[in-house]
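What follows is a set of notes on a single structure, which appears directly below.
Here the chain labels run A, B, C, D and E in written order, and each chain numbers its own residues starting at 1.
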Amino acid sequence: MLRTLAISAGYGLLPVLNGIDLSVAPGEVVGLLGRNGAGKTTLLRVIAGALRASGGAVVLGDQDLTNAPAFRRARAGIAHVPQGRGIFNQLTVRQNLEVGTRAAKERGDGGIPTDIFGYFPILREREAQVAGTLSGGQQQMLAIGRALCGLPSVLLLDEPSEGIQPNIVQSIAELVPRIARERGIAIVLVEQNLDLVLKAADRCLVMEKGRIVHEGAPEAFADETLLKDLLAL
Amino acid sequence: ADTVKVGLSIPITGLQAILGETLLNCYKLAAAELNAANGIGGRQVELFIEDNQTTTKGAIDKARKLINEDKVDVIMGTIISPERSATLSVTAKAKKLFFYPTNFEGGECNRYFVATGPIPMQQVDPMMPWVAENLGKTIYVMASDYAWPQKMTEAITAAYEKAGGKIIGADYYPFGTTDFGPAFQKIKSLKPDVVWSMVVGNDAVTQLKQYRSFDIKQPLIAPLDEVFNKDALPAGVAAGTYAPQPYWMALDNPVNKKFISSFREKFGQEKMVNGIGEAGYNGLHLYALAAEKAGSLKDDDVLAALPSIEFDAPQGKIRVDATNNHTLCHSYVGKAVADGIGYEIARDFGVIAPVTPYCKL
Amino acid sequence: MSDVLLQAENVGIRFGGLQALEALDLTVRDKELCCIIGPNGAGKSTFLNVLTGTLRPTSGSVRFRGRDIAGLPLHRIARLGIARKFQIPSVFPSLSVEDNLKVARWGAPSPVRPVAELLELVALTNRAATLAGELAHGQKQWLEIGMALAIEPRLLLLDEPTAGMTPQETLATAEMLLRLKGEFSIVAVEHDIRFVRALNCETLVLHQGRRLRSGPFHDIETDEMVRDVYLGRR
Amino acid sequence: MIARDRNWLLIFVVCVALAILYPFIADGYQLTVIRDALIFGLFAASLDFFWGRTGILCFGHAAFFGIGGYIMALVTLNDAIPFASLLGLAGAVAGAAFVAAIIGYFLFFGGIRGSYFTIVTLAMGVICQQAAVSWSSVTGGDSGLIGIPPIEFDVAGLPVDLSQDLPSYIFVSAIVAVAVLALWSISRGRWGTVLTAIQDNEVRAAALGHNAPLRLLVTFVLSAAIAGLAGALYVCMAGLVAPDLSGLLLSTEVIVWVAVGGRGTLLGPVLGAIFIQRAQQTISSFNPSLWPLLLGCVFVVIVFVLPDGILSIYARLKSLFKGRRRAQ
Amino acid sequence: MDFVVTTLLNALTLISILMLVGLGLAISFGLMNVTNLAHGEFVTVGAFAVYFVQSMGGSFWLGLAAAPIAGAVVGCILEFAIIRHLYSRPVSTVLATWGVSLILQQGLELTFGLGAKPVTPPIEGTLDLVFTVYPAYRLILIAIAALTLLGVVLLISRTSFGLDIRTVIQNREMAEGVGINTRRTYAIAFTFGAAIAGLAGGLVAPLAIVLPQMGVNYLANAFFVVIVGGVGSIGGLVAGSVFVGGLTSVLNYQISPSLAQAIVLLAAIVAVRLRPNGLFNGASR
């Protein structure tokens, strides 16, 4: 589904990513781990088109999106839930979702898919509330819900558990694989919360200094020493 | 150094550009006439044209450049007061002759400053008894908020009261006003016999357009002229308005006929001239005659000769008063004809001497 | 009682129709460490805002060393010795890391720790010249803690200090706070239970603007009610 | 940072050296031209001191220039006042600072920042110019006040008379150099860093114990005071003060000078002021009716070719040079 | 009664003009945060469009239809050539738009010649309104301004394009991320603002002077109205126009107009001081 080939990118003269190859299949959840500053956020931003790659390619299905602007990628089916959520604070919940359907303009019927209210009943309850006044956890749900409104084939989640209360983190851990399975979406999940990743992901990658240094099934990461090796300071 | 260098400081860009263009053309005409007739004492007149941008900074800079870099023999031009002051601040220090063509509020008194346009009393004193007799006994004044209208209003009030009239209201509007509605409302409630507008420049266009739309019937005195009416106003809106000026294109004399025909020949048959332009034209001719007579281009020599010469100008014969370097101008009331561009002479008051209690040179 | 640093009594606040906080009490003693936890939207950040005087409560009072600080200008509050780390990391993006810490020190009435030591403390020595805006999320968090330390506070309030940190960094942060505990009082708001567990201190649980429970963390962790509304079960 | 400081000082020294050498090649008139341009350069630096460091644009800075000018004019034109030149300068600085203090107090402590501040100051400029035109009994109305004497005072018995071109040029250059150096050392040190912090995130800076409104106010007042000084100097050199010296057009021009020179560099705006003014007057003499068009094109081109102002030419050349060396 | 109604209508005229010019600015400056010093020139271009059409023998109404189109064309070109490259560089925007304003003024002057241009109103004379007689054209102007306002409000609040604009303005990167072509949205919004300014120019043409430099007269006031009312809201714009326009008209009758202008500006400063987010926004910061 989604493939990146030898992606490299950076800010100004500072290189951050050095040749990342990544591929995700429909219905699969890939966990992406790594220390602070490893470049996880940067990778997602490059895939979503918010940041220009300095080399490499991004391919979705049979479409080469390497030079497409961000909105084209969104319309092609790549949805990004960024770190910090990126909610439109002054719009209502419903308007946020409505804006989310813009990505599906060329594919769907332009309406809000009602099954997202199945995942997040609170969004229906709070439809008319201004999004900025939602609590952190509710905003996170809105961000995911909004991404789903675009009928994406790829979903990029950047630390969805940040600032979320523990019991909701648990439900996100259940929800993410469910969404992937039910809708056949390829999901890239960047997380610091190991429990969540290990529970939600089918496969885990570890990034270090802009490279992927390890890959394996979540079960393999249950080994404490390996984890320490890969993620400790 | 075989030419007579005349520096012109003209608002070519900025808000006075339209008057500036006519003024510049009049200088060009005068220079061409002089050059065709052997220049000044055999020397050709060379014009140094600078755009003073209608700003203080620009006018100062240009005056300095003309004096120091181009080494001109005389400076002429400028229209509104800030340009004049700024230029004067340079010429006074450099003791350089400066001929100013525009009608202005007066109050300047400098040996090297020569005004060829009228000050308020020259226009107003003879006119007010005529207004009281022919137009009415009460006047409402609406004007731009600056010195010339303020001084004019003082002069009008004095002369009008002497003639038995009364100013029943005066409002001054800041430059750039886009809506004069409140003034017309006042006119409707005060019901003056005459409205005297001294809203000038671009605001005058706005004011007049709106005046007409409010359908006010009183006679209007407004400081308009042929150039302005033709180039700035919608057809006909100026029709019937009165204006005091030292010069009108309608003046029926051979000098004026020739002046207009050579002007149009040079700059276009449809072109108009106005009092400011004519005063500029007169200024250059007066300077030429004085320099010729003095046989020198030194500022002091020319000045010394200036009061003794007389020039047969389009407005009639004029000369400069030695006590204040102001010109004895003619004074006419014009009334705009139906096309709203040209004027007919409603009344001729003859030559009026400038009286300046504040200035004894 | 002289060692009471901060005392909040019966604090309540309304936003329009929403009663965001109701009847809250909190006492922080000198050099004491305590935590506030609770579901999203429970009012934790709002409570911190009240404690630092940036929001005036609609009822109740907050006293810092015996004086009412509600409504004082922010900088006066800071100079009284209250430091604060915001929920969204807010460093000065166009200044270098070092200048960020300098600016923080300059604001203090009597800074003690030199910049080099602060850099060391938050493990940013080798990024001292980097513009703070270019730091990764987690590094910004550390920098912000460093800035809070720079003003030599008597009371440090932390709003989700470890958000976005790796588990190891989270624990390192907790250790750092435990080390600093002897110097001033700390109030931390956090969702990361391992962090709170590591601090193992007096904990206040908020729920819908009210006190749900309070007590030592190990009591809280096992509380059924808290598990229901917040921790979840597994 | 250190390297950038060194660059700045280097350019500063070069500029001072050029200013010292200039009288040897220029005649009196050329000196006066540069002298006046330098005064406007000082004016631009004063705006940059505020705008460059706080990121808040003052759209009515000419008001302070004009206030300084009018106070200087009124003091020196009044025969009854002794030590008129010095008192006038002091009064101009104080008057501009006072007005800035009042306006700044209202705005900064009222929490007004950003574009609000910009437009409110724009209104202030408009009011100032209109007041200067309408209040003609004091200000001389639209034609202004003419005949302001050149600066003249005694320093320890030594008479300083600036009626001549060279002394006035030296005096103005010295003031500009000292003022720019002073403003620079203020703005690069602690004061400036904290201002940058406030610009980045005011709430955060306040939470660290910085009195942000006060700091902004003091910076604004200082900036206005320098603008007032520039205004006072200019009217003495020109011999005249007129309403448009406090008007919107000049306020806009000074913004353009700062932007062309490079915001936040202090020296750049001085050079920008000199460059644009000379360019404007030269182009307008070259073609009196087309110059606005050419000038407009210059602005647009500068924005795209030299986005960080003319001072960045140096940095650009340097990096180009370095790049070459690295390439070899 | 006559007095009250006339004052009211005078105020409404001024408010309408301020509001129309401000409306375009509310979009570019208020919403998009582009400090466009060439905004006044859009007004000029609109007025010149009317003049041009009339001078070619067309009617005023045809000219009025051409005015927003002319504004839009100029705005679109400006956006495409300059503004879009400078969204992240506000200082450069100030400089470049100032340059553009000089170029446009001079360009108009070179094309149409020096001086003011005549424009004749579509209808002369006054209308009898029972309480007072009032110039008919002014009534038309008020009506068109109100309709335009209504249209813009509907467009922003009811259409999906309006939602897109608001989205892009709040968070450009994120808007792009959900599939909105933000470049296009910005371009359209800017062009739309220019079109409204052009319409305003067309409407004032018969009332006020038409001249390449006329834009300045409107620029400062328009910025002011937007700020006083509160950046970023149409309601605020109306409030700002009513405040500035209404106060000016009422004061003008009582005291010297120059003083009135100063007082209005001072009052506006105080208003901004008291309600830093604008008159319209409920909460102050």
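Just so it is clear, a contact is a pair of C-beta atoms (placed from the backbone, for glycine too) under 8 Å apart; a residue touches a chain by one contact, two chains touch by 3 or more.
Keep in mind that this is a model prediction, so the values were computed, not measured.
With contact taken as defined at the outset, subunit C and subunit E are each touched by A, D. Taken together, subunit B and subunit E share the touching chains D. Of all chains, B has its CA centroid at the greatest distance from the CA centroid of subunit C. With chains reduced to the mean position of their C-alpha atoms, the one farthest from subunit A is B.
Put simply, the C-alpha centre of subunit C and that of subunit D have 45 angstrom between them.
Here the CA centre of subunit B is 37 Å from the CA centre of subunit D.
With each centre defined as the average position of its C-alpha atoms, the distance from subunit A to subunit B rounds to 75 Å. In whole angstrom, the spacing between the mean C-alpha positions of subunit A and subunit D is 51.
Under the contact definition stated at the top, the residues of subunit B that touch 2 or more other chains are 13, 145, 172, 174. Every pair of chains in contact is given here: A-C, A-E, B-D, B-E, C-D, D-E.
On subunit D, the positions that touch subunit C within their shared complex are 1, 190, 193-194, 196-197, 199-201, 203-212.
Across the interface of their complex, subunit E is touched by residues 48-50, 69-71, 74-75, 79-80, 82, 86, 88-91, 95, 98-100, 102-105, 146-147, 150 of subunit A. Every residue of subunit D that touches subunit B in the complex is listed here, in rising order: 27-29, 32-33, 36, 130, 133-134, 136, 140-144, 146-147, 238-240, 242-245, 249-250, 281, 284-285, 288-289, 291-292.
On subunit C, the positions that touch subunit D within their shared complex are 52, 73-75, 77-79, 83-84, 86, 90-96, 99-100, 102-104, 106-109, 129, 147, 150-151.
Every residue of subunit C that touches subunit A in the complex is listed here, in rising order: 38-42, 87-88, 134-139, 160, 163-169, 172, 191, 193, 229-232, 234.
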